[in-house]
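Paired with subunit B in one complex and with subunit C in the other, subunit A is shared by the two complexes that follow.
Then we have the complex of A and B:
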């Protein structure tokens, strides 16, 4: 159906001509040209920092281009603000949602409508219900946003665009926060929109999704357009090559390992949420064996953050007879003391938690790795610098030396550095959260190999990720969290994406009320 | 058209140029002010800035004022580095003066060599105790440190005034609100023939060097910097946040307390209601002007001390009201904060960016 629409309507909806945007010290977009037809689903691909965000922000009127033209429905336009973009019929769903949690769905949608639009719509609740049933969005206008799951919130954002009769919908990494089933639902909505003539610009890191849903793809690399392709004619591997350039090696299947000796275990871990909208942990049981990677899947906000901070000791509440490292109860030790016992941690936020933005890489090395560098309370800065240099070399961290500030590194390079720093402490247990989130393909490969090397050296790794493909690639055993419950733990060979997806949605909670882990 | 653009990295040049620029702007502002007052601006600036350094006596008096400023500023620099907004140096200084005086007076006419060290320790302990109160309240009840330290400044002041009207009043003092003069054994040795410069100045410079050493060389200093720059990172690394807070607050309290006791056991020689002309508040400006660096604080403490001295001289020589000093300090801090804007931002003409 979308094919017929496209042939009927041969003039492009949006044309970008030589869009150029220079930021201090970085050419974000260099003469980018792109054409979008009505009803086309167009992928925008590239590594982190390739200029995708800048380009879509230009279209949405958040960023003003230094030069270049935007042609909308055949007319030259200047999109000076998001309001102008919305008036033209451009809608955008950001990666980080912009919804007020304390307002209802309808109130949130009302906020971005002009009085004339509101008058035109009349009964907003009825309009939301109508659109909701038409696209199968399942959005209830009277619910409060804080009571919605991430997937539901995303549908509210999409609804916000639909209410304004959108002609171009831009989605920034829409699937990164969804379960596989939710992704399928989203794709159905997108296909239906496309069939009705709405153009869709889709930013993603997940190549198989792009090949599944997109008609065309534009690939950016360091601000330049490197290729236009038809994803259906490509494989994820060939697209990846276009994105990163000549990167011969790709992530292939890795050998699975299975240890015997239990190094760490959590027993009956129940913990009330600290924040009003946090998640309480409910009777979480699992054990981590020597030389294995235990993957924990789950949609963000289902207790991962709480689980990691209570294990790492950042959550300072004491727990007795719950957390054991090498048989020793560590539940009452401070985060620093747990580190000394051999627990290392790569947190989700690299900048601002895993590393201090305004400090050098040497100083950031000392942040968690002080063993051998501090004598009688004094720091041997020369030794720290030498060691930081060796980390930079060993993990191919791109930076201008060990005195570079952490914030000057790209996400992927900083993550390689943090990973190297934590691995360098030769931990017994490494907790690793979303290690390749927002990291480019090349760095992700390096990080994966570093994790596997650490595993093969006999360490145990707790890998928490929203990227289900990554978990299947790396983990030896797997479980899923949903609403603070942990599913049974299974060997990766004995499960499927489908089963894990259902566990992420919480199906195990009813069927397995004791939620006893099959350790 | 000129517009503001964020810098990709903080400008190191501006970090150091900003205080100098602020001083220049303050002087320009001062010249306009003096002209408006009908005074010769060049003469006024000469009296204000050059005269305090013109002879040995003036330099000595300038150093007397620099001592307490520097002691307080060094402690505050450490607190501010750790992101703890301690505005209580004034109160801690007064507490030190009060506690030290109580000890010195309790010794009476004793000539023991222990009188001075114990007096100083009494002042230090009182300053620490005074800073311990807001620290405890913050860590236990998450109270606002800025508010509690400011309130404790007033409590310390009125406690001191009560003491000189009551228990510590000199019985032979004809009812004046002053303590008896301290015995010679309780007084800090004077370092020069002309003027009153005393051992307290040496303590201040030593304190600045110790703080510098702590910040740059010790693991504790590193933890203080991390805690101030990025608290989630400090938590992640497992640093003991309470320990760091206690350390910097007690360190600042000890130095401010020392500043207070060194005033009463130094140039004043007794406890009076006018121990401090606001040293604890001016020290905030000293700390910022010195870029929260102990070595920078030495330079900026000298500058502020010159202003204090110059204010006295301007009053005597030219009849310029002493309030001008306070205004100079305020304007200086104002310009400093304004100039600091350019550490993170710069002005560009929009034509330049299009090119």
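Then we have the complex of A and C:
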């Protein structure tokens, strides 16, 4: 996109030479070398724990490398703090946003600027508005951050970098929290920046995005540089293989299974929305058969969350004669009682709903799996720990043992653990939302395998996901939700991505107008 | 009640609220950075005894104030090293500091028990103090009353209008994010804790140098705790803290006035009045739950270790 710029400035903007960082028990970066040209969009790829975050934090001055050199615009530099990085023209957008919710957008941006920079800018609000319209960021400097959506917050973070006339922008998994439309908007901004000569270092798990926008890619595995490649010459499958080694058999195509016996069904499930911006469920009917995976597709916010919480019992409104598990009406039971009947639940939000962040893995195990571990009110901690240990081994969860706090695990590893905990109860029905959201390729593969194994053991799985490829890969039958309506349920072999896509847009709804669909 | 009595009651209310105001202002800044220091009572008592001893020994009340602030700083520094550097539990460490300060102040103060000195003389502000009622209530106090008001105004300005205030708020809300953008979190917290200590020392010295110019064991009588409660109920807003402190002062005086007027309520019940009245009013002021949530420093009481940032 900016070939002319690149050929003009043939000297690199940033060079990393043999960057090495050792943490207790793990070599996060082992002699990493990388070169970034002005205007280049460079992808940094790797699984969770491959050392990507450590490497970018080294560039941004948050982490000090044990050895190695950083060359910036041809000069050797020591980046000892983020302030020094910012003075050089390096900006970073963090994976977990580093914004202060109780401050306004302008105050958040002000905190990152040195007094001299601030004096140079003069009227900060005006500068933010000007940049906002130039890059189409739509950021209002006077709004409080807590009132902004995730996508807007990310744009504030980008703005924070732009205000300081950034020469290198680092983005740590920027798209994992965005809707497809927001991703397209972000890419427009990045392309514009790149055309103006700003280098971009882009960390992502989503391989098709990398092939779409990046000029070059560096791939890390277990702290080591395994390959440099040009994403446009590769396919997602070949890149995945480089990332995880030989075990990446993406899109392997699993066998489909079809059960007969109905285990769970929802009948005429109609429910008004509880939240102000929630979606009301409208006459939802489906049945879940023994030994199958029923996939439900849909754009976020079309009733998936409401459906999940009413089935799991988290939504405490009693509904008679609508939800049946093995023929028994469970609509009036509490969440705990439903679990006892054999209903397991893996929520979308891992920290906070799937697990308690400050509790250890063994304590988190006990939260939903107490059968056999509690006698006369006393907990057999040894047995719980043994069991948590076995889950960690069985699902290869990377952590510091069963006493590690849930919040210390990466998203993918925690998800594997939660999945293992729920599967370990041998549920009749497993409800599972976005199981591989933000999870790296290797962990996603492990989670897929675990779900299929559970299905083959005779359990029924309700899989809700926004990732339509994943649904086609795993589900045996499929449906889509749109604005609280559920489409007909069909066998995966008998449908196509095209048809499901139309259903997601609401074409199956006859009586209602589809115009109000949350597209 | 005649006008003279009202004037005297209001005058005394401001005096009684002043030590509370010093302590609460210090603690508010400390808590805004996310550090909860329950050692206020202990630091106040140490400030009171050291302030008195220095003033008694040198005959200079001003030096007494400096001594009180220094000992407050030292006490808070002990707390700071334990909770900030070593990551000790803030609640337990703060409680220990109070117990330590109470005992130590009683121990070192035995030699000066019952001694008296002349503390700060009132300064009548020219012209203003000649105004009826208001002149007496507001403008004929000792210099420390004016100092407390001035400090409250300065602190309110710094906290709400300056980069320093922004930094304090950022550290209190999300120390990890603050660290990521290059703010030295522990630095900010140490300074805030020491500021809190100095202010607690000042509050204690007001008790022993001005309010009742002598040293009696445990003379602060729980004011450190009231200051702590005040900060929370005032939702960390300086204006509300000021209001609450003087309100407490008023209620404290009222219970004496009511007894003097021969009310047949048990004096023990009346003695509860200042505590109950202050808390009730503050709770009513901060009834908007949603807004309050935004004012509370989110990292309050949680240790932060920059080395844990992987």
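Throughout what follows, the second predicted complex is superposed on the first by the 283 of 519 C-alpha atoms of A that agree within 3 Å, B and C clash if a C-alpha of one lies under 4 Å from a C-alpha of the other, contacts with A are read in each partner's own complex, and residues count from 1 in each chain.
Everything that follows uses one rule, which is that contacts are C-beta pairs under 8 Å (C-beta built on N, C-alpha and C of every residue); 3 or more make two chains touch, one makes a residue touch a chain.
Just so you know, these numbers come straight off a predicted model, no measurement behind them.
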Of the two partners subunit B and subunit C, more of subunit A gets touched by chain B
- [ ] Considering only the touch criterion stated at the top, classify A:353 as touching first (subunit B), second (subunit C), both, or neither.
- [x] first
**Message:** Under the stated touch criterion, which partner chain does A:371 make contact with: subunit B (first), subunit C (second), both, or neither?
**Reply:** neither
**Prompt:** Touching A:22 in the superposition: subunit B (first), subunit C (second), both, neither?
**Reply:** first
Once chain A of both complexes is superposed, is A:62 in touch with subunit B (first), subunit C (second), both, or neither? second
For A:99, decide between first (touching subunit B), second (touching subunit C), both and neither.
-> second
Query - Touched partner set for A:497, first subunit B, second subunit C, both or neither - result: neither
**Request:** Give one of first, second, both or neither to describe whether A:82 is in contact with subunit B, with subunit C, with both, or with none.
**Result:** second
Inquiry  = A:107 in the overlay: touching subunit B, subunit C, both, or neither? Say first, second, both or neither.
reply    = second
Check: subunit A residues flagged as touching subunit B and also subunit C 23
Interface with subunit C, subunit A side, in the complex: residues 23, 28, 53-54, 61-63, 81-83, 86, 94, 97-103, 107, 110-112, 115, 144, 146
Touching subunit A in the complex, subunit B uses residues 5-10, 217-220, 222, 225-226, 229-230, 232-233, 235-240, 353-354
Touching subunit B in the complex, subunit A uses residues 22-25, 66-67, 312-314, 334-339, 345, 347, 349, 352-359, 363, 366-368, 370, 374, 377-379, 381, 405, 408
So, in the complex, the side of subunit C touching subunit A is made of residues 163, 166-167, 169-170, 173-174, 176-183, 294-295, 298, 309-310
